[in-house]
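There are structures below to look over.
There are two complexes below, and they share chain A, which is joined by chain B in the first and by chain C in the second.
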Partner chain A sequence: MTSLRAYIITRISLTIPMILVLVTLVFVILRIMPGDPVRATIRPGSAPEYIQEIRHNLGLDKPLFLNFRGSWAEALSSSVVLRDGPSSDEAPALILEEGKKLSITDRVTTLEGDWVRLASGRGFEGLISPQRLDWLRRVTAGVKVLEETTIDDQRWVRVEIPGREIEGWAPVAELKIRTNIFDAQYFNYLFSLLRLDLGTSIAPVRGRSVMGDLKAKFPATLELSIFSMIITVLIGVFSGAYAAQRRRSVADYGFRIYSIVIYALPVFWLGLMLQLIFGVRLGWLPVYGRTGTRLAPETISGLFVLDSILTGNLASLISAIKHLILPSLTLGLYLSGIFTRLTRGNMLDVLQQDFITAARARGLPERVVVYKHALKNAFIPILTMIGLQFALLLAGAVLTETTFSWPGMGRFLVDRIAYRDFPSIQGGVVFFALLVTAVSLIVDIIYAQVDPRIRY
Partner chain B sequence: MFKRGWLPLVGFLVVLTFVLGACAPPPLAEPLIIGTTDKVTVLDPAQSYDFHTWEIFYNVMDNLLVYDPGTTELKPGLAEALPEVSADGLEYTFKLREGLKFPDGTPVNSEAVKWSIDRSVRLEGDPNWLVTSFLDHVEVIDDLTFKIVLLEPVGFIPYVMVNPPWAPISPNCYSADKFDEDSTCGGHGPYKIVRWERDVELELEANPDYYGDPPKWPSIIVKYFADATTMRLALENGEIDVAWKTLLPTDYIDLAANPDLKIIEGPGAYIRYICINVTSPPFDNKLVRQAIAYAIDRDDISETVFLGTHAPLYSMVPMGMMSHIDAYPERDLEKARELLTEAGYSEDNPLVMDLWWTPTHYGDTEADVATLLKGHLEETGMIQVSLQSAEWATYIDNLGPGIMPVFLLGWYPDYLDPDNYQWTWAESDAADDIGIFYSSAEMDDLLHRARVSTDMEERVSLYEASQRLYAEDMPTIPFTQGSLYVVTQKNVTGVTLAPYMLFPYFLLSK
Partner chain C sequence: MDRAVAVERVGILGRLTSAARWYGAEGYMTMVGGLIVFAIITISLLSAFYPGMAPYNPEKSVGIPFSSPSRQHLMGTDNLGRDIFSRIIYGARVVMAVALLASAFSAAVGIPLGLLSGFLGGKMDRVLSLIMDSIYSFPGLILAIAMAAMLGPGVINMSVAIAVVYIPTYFRMVRGQVLSVKEELYVEAARSLGAKATTILRLYVFPNVIPSVVVVFSVNIADAILTEAGLSFLGLGIDPSLPDWGYDLSRGKAYLPGGYWWIITFPGMMIALVALGFSMLGEGLNEILNPRLTER
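Here is the complex of A and B:
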C-alpha cells in the first residue's frame, strides 16, 4: 500500500495551493464588494474618529496587498507637531516627542509634499492641543490633565489618556520611517493562517474567535449532513435499483419523474411543506432546533445523537432524533433525485453484463442477483457522486438550516456575509475547502477497498 | 465491520448506559418559552448596544433607577430612593439599598458601582458614549453612598442612567480589562442567567435574593429563531408560549384569527424617516424638500405595507413622548406641485432623483415602503424617482455626501427623551455624522439650551420650537411610528409593553 500512501501525500500537498488560491480569491472579492464591516455594526451617527480607531485596532487601515507607505515612524527632531489634516494650515493636534514610535495609518501626497497619518499606541501620555481635548472629553471621560505649557507660541496641555489612541498628520520629511512591504492585510492574514490562527470576528460581535465559532457550529452541520446523506443514499440507491430492475414499468417512470421533480423543488419550500404537514397539521414532529427544551446532552463531540448515546441520556436521544427527521428528510429528499437517476443508469449497464447472466443461469433468486451482485458493481460511480455531492450538501444546508433554525455553519456564514465579516467568511471558506478535500480523499481511499482493480 | 459475536456485547453496553442514565436529575420548574428572531450580541453591558441584549439585561440586571414597568416613569431600583441633586445640577448623590448581593455573592456596594461605571468608560465599548458624554467621575462616599458628578448639567440624565453601561455589576465576576462576550454573571435583577447557548437558548431562573417582588413565573427560556416563518410555526405548534420581535405584518393579521392565540399591541418609539443630504443639489433647495414632504402619503404606507402596525408620524419626536407636536404637514399634492413649480420644475422638466433603501436591515417590508414612496412622489407628475438599494454594510458606508442624496433610515431610542430624537439629526456636528449635513445656529441654540435645562416646562417649549423649526427646514421627513406586538398562547398573562421597548419577562405568567 505504499503507492496509496504516496497518493495521499500528493493529494494533501495539492490542497495547499488550492487553499491559497481560494483564500486569495475570497479575500479579493470581499474587498471589492462594497460595504464596510466596521460601520455595519456601529450605529449611524458615531463619531468618525471612533470608527477610524476601531479600524486601526483591527488592522483594517493597513494597505490590502503591499505596504509601501511604511509601518511605523519615529520623530527625527526633538518634537514633531501632528496636525488634524495633511496641511500646515490645519490645527496642531499633538506633539510627537523624540523616541516615541507611532504606527502609520495613512499616507498622502499634497502640494506641500508627503504626509503620513500617525496613531499613538493605546494609552497616551503626552502633549496635546487644547482643541483636541474637547473632542476627547466627549468620547472618553478618562482624560487627566497634568500641566499646561506653551511651545512655539502655541498652547499645549500634557495629558494622560488611558487606553485611547490619538492620531494626527505630519510631514514625512520630519520622520524616520520604517517600511515592511508585507505588513499588509493580505499577508498578515496568510501569516496567521500559517499559524492556524483564523483571527477574530469584526462584526456583528467584535473580537470573537473565528475558530471558536466554527468549532461550535460545525457539529450541527455535520450531524445534519450525515443523516441527510444516509437518507439520500437509501432512497436514491434503492429507488434507482428498483426502477432499473423493473425497467419501463409504471414504477420506473414514477421514480424517474420523482427524481426530476424533487431536484427542481426549492429546498426551503420543501422544508416549509414538511413543517406544515408533520409539524403544524399532524403535530408529530418539532419544526425547529436540535433538541427540545433543556434536552441538549452534555457536549462531548457536539453531535447530539452520539453525545446522548455516550452519556446514556435516552430523553435527549429521542428528542435529538425527532428534531433531526424533518431537516434531514428535507435535505435528503432534495439530493436523492440525482442518486435515483445515477443508480438506475448504472444498474441498467451492469444488469446487461455477462456475470449477471451467469448468476441468473446458476439459478440465483432475482433479488440476490440485483441487490447483491449488480448493486455492488454499480456502486463505484455512486461513491464518486457522494464525494461530489458533499459540497452541494453543505450549500443546501444553508437554506435548510435557516428554515429549521438549525444552529449550524450555513446559517452562521450567511449571517456573517451580510455583515462583511471578512475573517469569519475567509475562515469558513478555508474550513469548507478542507472538508471537501478530506471527504473526496476518503472516497478515493474507499474506492480501492470496494474495487480491487483500482490501484494508486 | 463487527463480527457476529460483538453485537450482543455492544447492545448490552448501549442498554446499560441508558439504565444508568435513567437515574434522572430532579425535575425543573416548567419554563415559559419566549421566541425571538433577534440575537444577543455580547452579554456584557460595557459593549452591547442593541435592543435585544439590553432587554435581557433589563430582566437580569437592575440599575440604580429602573422604569416602572409599562410606564415611562422612573423609580428607585438598586438605589434606595431617587437621587439628591445638587443646586448646580452637576452632582447626583445616591444611596444603595442595604444587603443586596450579586448572584456570585459579591455585595452590591458603592465600590462595585464605581467599578462598573469606570469599567464601561475604560473599555470603550460601543455604548461608551452614553456614559462618557455626560460623566466626569464617580465618587465613593461610604459603603452605600456615592456621588455621580457630571461634566455639565443634563436635564434628562436619569433616563440615560437606566441604560446597561451604567448598570452595577459584580467586580468578581466580570473581567476588569476585557469584554466578557458570553458572560452569564448578569447583575442584581429579578432573574439570573442559568444557561446560555449562543443562537439557541437562554435560560433564566428567578433570583431568590431579589429586593423587589419575585418574578411571576420562576423560569424563562428565550429561544432564538433564524426567521419569522419558523417562529410562527413554532407558535402555532404550541412549542413556544410567546412570539416576540418580530413576526411579519401579515402574520399578525393571520394569527388574529386563531382562537388559541392572542395578540397584544403596545406603544413603540421606533420611527421611520426619509433622510436628505441638504448640501447635495437640488436638495439644498428647501422648496424641493418641502415638496417631498407634501407628496408622501403616510396613511398609504401605514395601511398597505405595515397593515396598520405602524402609525403615520408627523414629527421626529414620536407620539406619546414629551413635547411631541404634529409639526409636518399632511399630504397635499397641489401644494407639492406649487412648491416644485416655484423651484423651477414642471411636467416637461421633472425633478429626477434617486431614492435609496436597504433590503434586509429594516425587514422584508422595506422594498414595499420604497416602492410606495416612489409612487407617491411620481403622482405629482413632476418628479421621476429611480430606486437604488444597497445591503446594510454598504448602505451605512454610503452615508457620506453625494452618494445617497435621499435615503431611508429608522431609529430606536437610546434613551427616552426628545433630546435623542432631535439632537441626532438637528445638531450641526451630529447631523454631519449621519450624512444629512444640516446646520442651523438657531437650532443648535435651542437644543443646547433644552439639554442643560432642568425645568420641564421650559424644555417642552424648547422642543416644540425645535420641532417647528425642523419641520420648516426638513432635512429629514418622518413617515411612520411602529407599534410593538406580542403574540401569545391564550393562557399567558402579564404582557406589559411600554415605549422604552424592553419586555419585562418578570411580569409574565401562564
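Here is the complex of A and C:
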C-alpha cells in the first residue's frame, strides 16, 4: 500500500507542472498573441477613456510578466496635481491628497522626466477639476458634488463618485513609488486561479462571475458526457470484442471500416443528420434544448435525469431523456470508433495468452472464453482509454452542444466568443484544461489501484 | 517473410502501386484513400486556375432559393439561391489550403524540435516534452477555438490556430523514433568513426524518421480538415462570403426545421469523404511503410 501512496504522490506532483504549463499556454494565447480583446469587445468609436477603464478593470494595463514600473504611489508633498496627460502643459484633472495611495497604471519617459498614470480605484472621493467633472457627468450617474474650492487660482470641486475610477498623470519626482514586481498580469492571473477566481465577464452583461456561469453550465455538459460515454462503451467494447473474436472475417473488416469512417465524420454533421432524420422527418425526438418548456425539474444536482428521478417528476424525466437521446447518441457514436479499435487490439492481445488457451482446453464455450475471461482482462486498459479520450469527448461536446443548442459549457464558450467576452473565454478554456487534467489524474490513480504493476 | 523481401526490391513507387496486391485489405484501403486525395487536390487546383469548372458562380444567386436537387442544380440551391454544387467545388480550395498549411506548419515546428529534443536529451528535452505533453493532453479543438478567436478570421490565421494543436503529434513521434534509432549499432559506428552530431542527425537519424512522418502527415491532414470544418461551423473560419463547407453547414442548420436536407447533407458529406480519404491513406501507408509495426 505504501508504494501505491508513493505512486499517487508522484503522480500528483507531476500534474502540477502540467497544469502550470497549460494555464501559461492559455495566458500566452489570450494576452500575448496579436489581437486586443478589449478593442474587439467594444463598439468602434467608443471613448478612449471607456476602453482604458475596461482595460484597467481587467488588469490589462499592468505589465505582462514582471512589474518594474511600480505598483503604488503616494504623494511626497502635501498634495500632487494629476493631469490629463504626461506633461505639465496638460490640464489638471484631480488632486492626490497626502496619505492616499493610488495604483500605477502606466509609465512613460518624456522630455520632462518620468511620468506615471495613477488610478483611484473604484469609488472616488476627492478634488477634481470642473472640466473632468463635466466629462464624468456625461458618462456616469451618481456624481455627488460636496464643495467647491480654489487652490492657486485653480477651481476644484470635491466630489464623491461611487463605482467609478478617476485617472491622471503625475511626474515620478513628486511621488513615493512602491514596487511589487509580481504585480503583473501573469502572476495576478495565477493567484486568482489559485483562489478559483476566473474574473467577471465584459459582454453581453458586464460583471457576471465567470466561475458562477461555468458552474451553472457544467451539469448539462456532465450529463451529456455521461450518457455519451455509456453509449460509446457499449458500442465500442462489444463491437471491438466481436471483431477480435472473428478476426479477418467480414464482420471484423466491417467494424474496422466503421471505426475509420465514424471518426472521419464531422461530429456536428452527424448531429445534424440525426436531427434531420429523427427530429424533422420522423418527428420522434426533439432536436433542441434539455427539456420541454416548463418541464425542467427542481434543481438538486443540475443533472436533469437524476433530478427528475429524485423529485419523482415523471413528466420531466421523460422529457429530459427524450432530449438527451440525440445529442448523446451523436457524441457517443463519434467516440465509439476509437473504442472499437482499441478494444479490438487489446482483445487480440489477450486472446493469445495462455490462460485463454487453457480455458479453451477446459472445453468452455467460446462465448464464455471471449466475453467472460478475455473481455474482463481487456477491460482494464479500456478504463484508461476513457480517461485518455476525455479530452476528445470535451472537444466533441463543444460541437455537439452547439448543434443541439444544449446549454452546457461548450456552447457557453462558443456564445461568449461571439461576444468577444475575453474573461469568459479565458475562464472557460482554463476550466476545460483543469477538468482534463483532473480526470486523467483520477483515472491513472484508479488504474494503479486496480493493477499493482503500475508503479514509479 | 518473403513478402517483406519482395517489397524491398520494388522501391517506394513500386511499393505504392503494387500495394493493393501485396497487402490485401490494407492495400486497397491505401488505394481508395489515395484516389480520394488525388481527386480532391485536383479539384482544388483546377478550381483555382480554371474558374469555368463549376457550373455557376458560387458567390452569386443563380436560381430560386431552396430549390431541391435537380438537373439544373445537382445539389440544389441554398437560402440565397446559390448553387450548392458550385460552392462545394470552390469550398474544396479553402479546406485544403487550411489543412495543408496547418499540417505543414506543425511539421515544420514539431519535427526539428523532436529531432533536437530526442538527440540532445537533457534538460531541454525534459522541458520541451513537458510542454508538448501538456498541449497534447488538451482538447485540441478548444485550444484552436481560443487561438482562432484571438487571431481573427483568415486562411493563415486559421492554419496557425490549427497548427499549434498538432505540433506535439509530430514532436512526440519524431522524438520517440530518434530515441530508438540513437541506440542502433550503425549510429554508434558512425559516432566512433568521428562523425559530427549534425552528420549523424542528417544521414542516419532523419531518414529513419521520414516514413513515420509521411504517415502522421496524412492522418494529421484528416484531423486538420475536421478541425477546420469545426471552427468554420462555430463561426470562427474565414470570410463568410467565401464558399466554405463548415460555414455552409452552420448556415444550413438554421433551415433544418424546414426540411431542406440538401443544404446540410452535401457539404458535410464532402468533409467526411475528404477526411476519410486522408485517414485511409495514412492508415494504409502505415501498414506498408512501417512493416515492422504491422497491425496485429
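Here, the second predicted complex is superposed on the first by the 359 of 456 C-alpha atoms of A that agree within 3 Å, B and C clash if a C-alpha of one lies under 4 Å from a C-alpha of the other, contacts with A are read in each partner's own complex, and residues count from 1 in each chain.
The definition used in the following text is that a residue touches a chain if its C-beta (ideal position, glycine included) is under 8 Å from a C-beta of that chain, and two chains touch if they have at least 3 such contacts.
Just so it is clear, the structure is predicted and the values come from calculations on it, not from any experiment.
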*asked:* Touch test for A:Q154: chain B only (first), chain C only (second), both, or neither?
replied: neither
*asked:* Once chain A of both complexes is superposed, is A:E401 in touch with chain B (first), chain C (second), both, or neither?
replied: first
*Now for A:A391: first (chain B), second (chain C), both, or neither, which partner does it touch?*
second
*Of the partners chain B and chain C, which touch A:R290 in the superposed model: first, second, both, neither?*
first
*Thinking of the overlay built on chain A, is A:S88 touched by chain B (first), by chain C (second), by both, or by neither?*
neither
*Which partner does A:V280 reach: the first (chain B), the second (chain C), both, or neither?*
both
_Output check: A:M18 vs chain B and chain C. Expected answer is one of first, second, both, neither. What do you get?_
second
*chain A residues touched by both chain B and chain C?*
33-35, 37, 272, 275-276, 279-280, 287, 402-403, 418, 420
*Contact residues on chain B for chain A in the complex?*
14, 16-22, 28, 31, 33, 39, 41-42, 49, 121-124, 126, 128-129, 131-133, 135-137, 151, 179, 181, 197-201, 203, 221, 223-227, 229-231, 233-234, 236-237, 239, 360, 390-394, 396-399, 409, 424, 430, 433-435
_Per the contact definition, I'd like the list of chain A residues that touch chain C in the complex._
17-18, 21-22, 25-26, 29-30, 33-35, 37, 253, 260-261, 263-269, 272-273, 275-276, 279-281, 287, 345, 348-349, 391-392, 394-395, 398-399, 402-403, 413-414, 417-418, 420, 425, 429, 432-433, 436-437, 440
*Spell out the part of chain C that touches chain A in their complex, as residue ranges.*
25, 130-131, 133-135, 137-143, 145-147, 149-152, 222, 226, 229-230, 233-236, 246, 249-250, 252-253, 256-257, 259, 261, 264-265, 267-269, 271-272, 275-276, 279-280, 283, 296
*asked:* Going by the contact rule set out above, which residues of chain A touch chain B in the complex?
replied: 33-37, 39-48, 50, 137-142, 162-164, 203-205, 207-208, 216, 272, 275-276, 279-280, 283, 286-290, 293-294, 296, 309-314, 401-407, 411, 418-420
